[in-house]
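Common to both upcoming complexes is chain A, partnered first by chain B, then by chain C.
This part shows the complex of A and B:
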């Protein structure tokens, strides 16, 4: 092996992330799937790391779901994105950070398309002016929010209250990492480590004390896929992909799955319930599933946030076995209590997979 | 069991470690040109029987290589032995002879 050659290839898949002053845009679906993830991200970066993150209240969805489900043409999606860039420009920021992987893919695709076809960029400028009377400037830097956590993973580890370590045995937890397809599979040079060796989540797991599980179907799709899921008759395809991944990772007995996409943690979490109801099989121990969390939720756990403030009761798979392994203290009675002790209601207990 | 209106599709995964290629090795020994096939599809495009049935020379070879012998033999039965595939093959493979060898070898195995 020629080390210099390997280093050169690896250098192509690195990103220089600015140290501070970011313009943050939220995800449409993540806020309902994982209601505390984005708040936790902003709390960690602003209050624990002291970084400047600005949110413009007028920003909207990126249009990615409508674009990928063929509801709107690419020009419409690009005009929505151009408006987002215009808001960033008006706010005086240049470093654009998005919370969603689908958005990250859409922004990257749009910038690359404009680079290759400047006449299309000019057309979109005109569309934006005609529709909103706005002008945009392209971001100097585009990052996904997991890139930011990756950059500051060691600072988070230094402030950590808990580690990804079994508190009783002292052994590192076995963690499955799964990156979203639109993070680095479309444009490998835009993600840490590219499509084949993505390091963004691996870096977090290793910095926080866990052990990465390398299983055969590690790079297989989680099963979301917009067209697979939106039509009920096609959902079997979605679930079959997820099933394939779980069958592949099962022998390694993972304690946790960590993801950086809106779709992946949702489907890796919810399909465990459907698989259990259809086949009677669960992939965790003692009738539990394997918790599938976002990187913000895992960062929040290691920093000592209250699990229920992180919204972990919103997951289908019970989180308690993981909390017990990490030695995190929690109040079981407070699981379904909201702000000011408001009762959120207790979900029905499934037959084949334990919820609590 | 809850009916969600959809279910898990059967996996098409083939575990090659479990596939017995003993008969295929015999076929290779009899017809070494079998390995020069590049699956271009000319044979399938010109196949008279292929217009009406599911016979496909390249699929048959692929199935045998993956241990799907029974499925491959079902396809071979549809062949009319007209030899058009042999005439059009860009690699000059004696396809008809291969199909005859498959019938003989794999049927012998079954006995």
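This part shows the complex of A and C:
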């Protein structure tokens, strides 16, 4: 591995991100999968970094899942996106930040398509007017929310309570970075580091003290792949993709997987349970799996948030071995306690993968 | 009708500037000298030969590059050669050109022959192949260097070797849609040579089409398969990565079997194609010569005008106008010399 070669590529694929005043758009599925990620993002950016983030309560899904599943035509997806842009414009913002990688891909694809085919943009303007009586302005800047954390990764490191370092040995944790396919594979110039060697998560890992694992199936899809999972008959294919990735990363003995896509942490997390149940194999040590976290969750851990406030009990793979490695203090009994100490119920223990 | 020229003037007083001291420049100079002119080769490097000087053996006959280079050099031993020289200005004055070199020396010439050749495609641009990222991904030029010196730590008893054809050629993603003409034959030549060196190694060539069009090329293709057991896979490599042992893991598609494939390799050789030499850009500006759609120097057509440019007295030879094999380059240099001869005799 020639590190200088990667650094050269990273230097070539940088993009401008404004310093402040962002319009934030949530994902339609992330709040169900890992419910504290988005609220943690807003808390970090607003309250730790002092940035202005505005949310318009009328915003909706971007339509990306329906678009990529061929349930709606592109013009419909574009009209939904045009409405999102109209809401941003009405709110007085021009820096659009979306939480979802597929949304980021859809917004990028839409803006590029309108650039190449202005007549289509004119058509969508008419559709939006006919359907909603709204007019839109295109964002001045478009960013994924992981781009924002990447931009401020060193500020977060400066405020960090913990590092991605084994507290006992002092050695950096070995961290797998997994980038959502729609981040830069379609438009490499739109992602930090490009498509082949993205830097957006690598930058966070390095800034927070970890060591990046580059393994052969690093670029491979997590297994979600929309139709691979949505079409029930294809779900074996979905899991086989995830299995391929874990078999490939296993020799490196990673401590953690960090992701920037709604689907990736979900499938990299949940399929570990299915693989363990089907084959008896786990990829962490002592019968545990490898935690697959969102970048907001990792940022939250580094900044000293309570792991259970970050919603880490919502992961299938037990988080405790990672917390112990990082030297993070936590109350094991509070894992399944909700607001006001409400008992959330304890999940049943799987046969082959440890839950706690 | 046979041209008839007044030979009363002194040809040797007529200078011809040859820009570039590669095979095209050397051969053009040789022919012009024989025709009685005074060619002056200006070469920016410290030696003659261009890419030929970096190569070990030549397809399809495996004769040494050094042998050919020595013959070309021998032919021009009486020709004025200015090494380590860059042209800083060329100014056209009526029928002559006033040339200024980087050392501020000046001289006048009656005609100019551009022989700036080509640059190898920068393989770093095809990021999926991992050149400059993974140690054991090398270029065709680096393999030739190894054949010459046997000094490359990356080539250490490889057991499985891959060659990727068309790197930077026939590739719309890097804006090079043309074929570089020499890569298919070079890949098979190099595959045979490395198999010769490491007989136990498995050698694979990943190709789009095998364009074995020249004399002896098809024989080389058959020999590679029959005598050297080179395995030709019709499909492109899409991804290269490295495993924990530092070996390369590639993904490709075998389009004849209709299946994706994944393979572990000890060495991957990228067959980098040709692009116009960057050094030609400044020369073109000085002489008001445009580029063609492939980025090479525009000549006056594919047939009878191939040696000429739109500027009177400015000629071209070799790979500066499009990718060419060595035989094509040398043949074109000879025909360019004849065009210069006719031009100067008519002026």
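Methods note: the second predicted complex is superposed on the first by the 344 of 356 C-alpha atoms of A that agree within 3 Å, B and C clash if a C-alpha of one lies under 4 Å from a C-alpha of the other, contacts with A are read in each partner's own complex, and residues count from 1 in each chain.
FYI, a residue touches a chain if its C-beta (ideal position, glycine included) is under 8 Å from a C-beta of that chain, and two chains touch if they have at least 3 such contacts.
Nothing here was measured: the structure is a model prediction, and the numbers come from that model.
Chemist: A:189 contacts which: chain B (first), chain C (second), both, neither?
Modeler: Neither partner.
Chemist: Thinking of the overlay built on chain A, is A:278 touched by chain B (first), by chain C (second), by both, or by neither?
Modeler: first
Chemist: Mind working out whether A:243 is in touch with chain B, chain C, both or neither, as first, second, both or neither?
Modeler: A:243 contacts chain B only, not chain C.
Chemist: Should A:60 be classified as contacting the first partner (chain B), the second (chain C), both, or neither?
Modeler: After superposition on chain A, A:60 lies in contact with neither partner.
Chemist: Which holds for A:14: it touches chain B only (first), chain C only (second), both, or neither?
Modeler: Once the two structures are laid over each other on A, A:14 reaches no partner at all.
Chemist: Contacts for A:216 in the overlay, against chain B (first) and chain C (second): which applies, first, second, both or neither?
Modeler: After superposing on A, A:216 lies in contact with chain C but is clear of chain B.
Chemist: In the overlaid three-chain picture, which partner chain does A:5 touch, first (chain B) or second (chain C), both, or neither?
Modeler: So A:5 only meets chain C here.
Chemist: Which residues of chain C touch chain A once you look at their complex with the stated criterion?
Modeler: So the residues of chain C in touch with chain A come to 124, 127-128, 132-135, 239, 241-244, 249.
Chemist: If you look only at chain A, which of its residues touch chain C in the complex?
Modeler: My answer: residues 1-2, 5-6, 8-9, 194-197, 214-219, 251-252.
Chemist: How about chain A: which of its residues touch chain B in the complex?
Modeler: Contact set of chain A toward chain B: 232-237, 239-240, 243-244, 274-275, 277-279.
Chemist: How about chain B: which of its residues touch chain A in the complex?
Modeler: On the chain B side, the touching residues are 1-2, 4-9, 11, 13.
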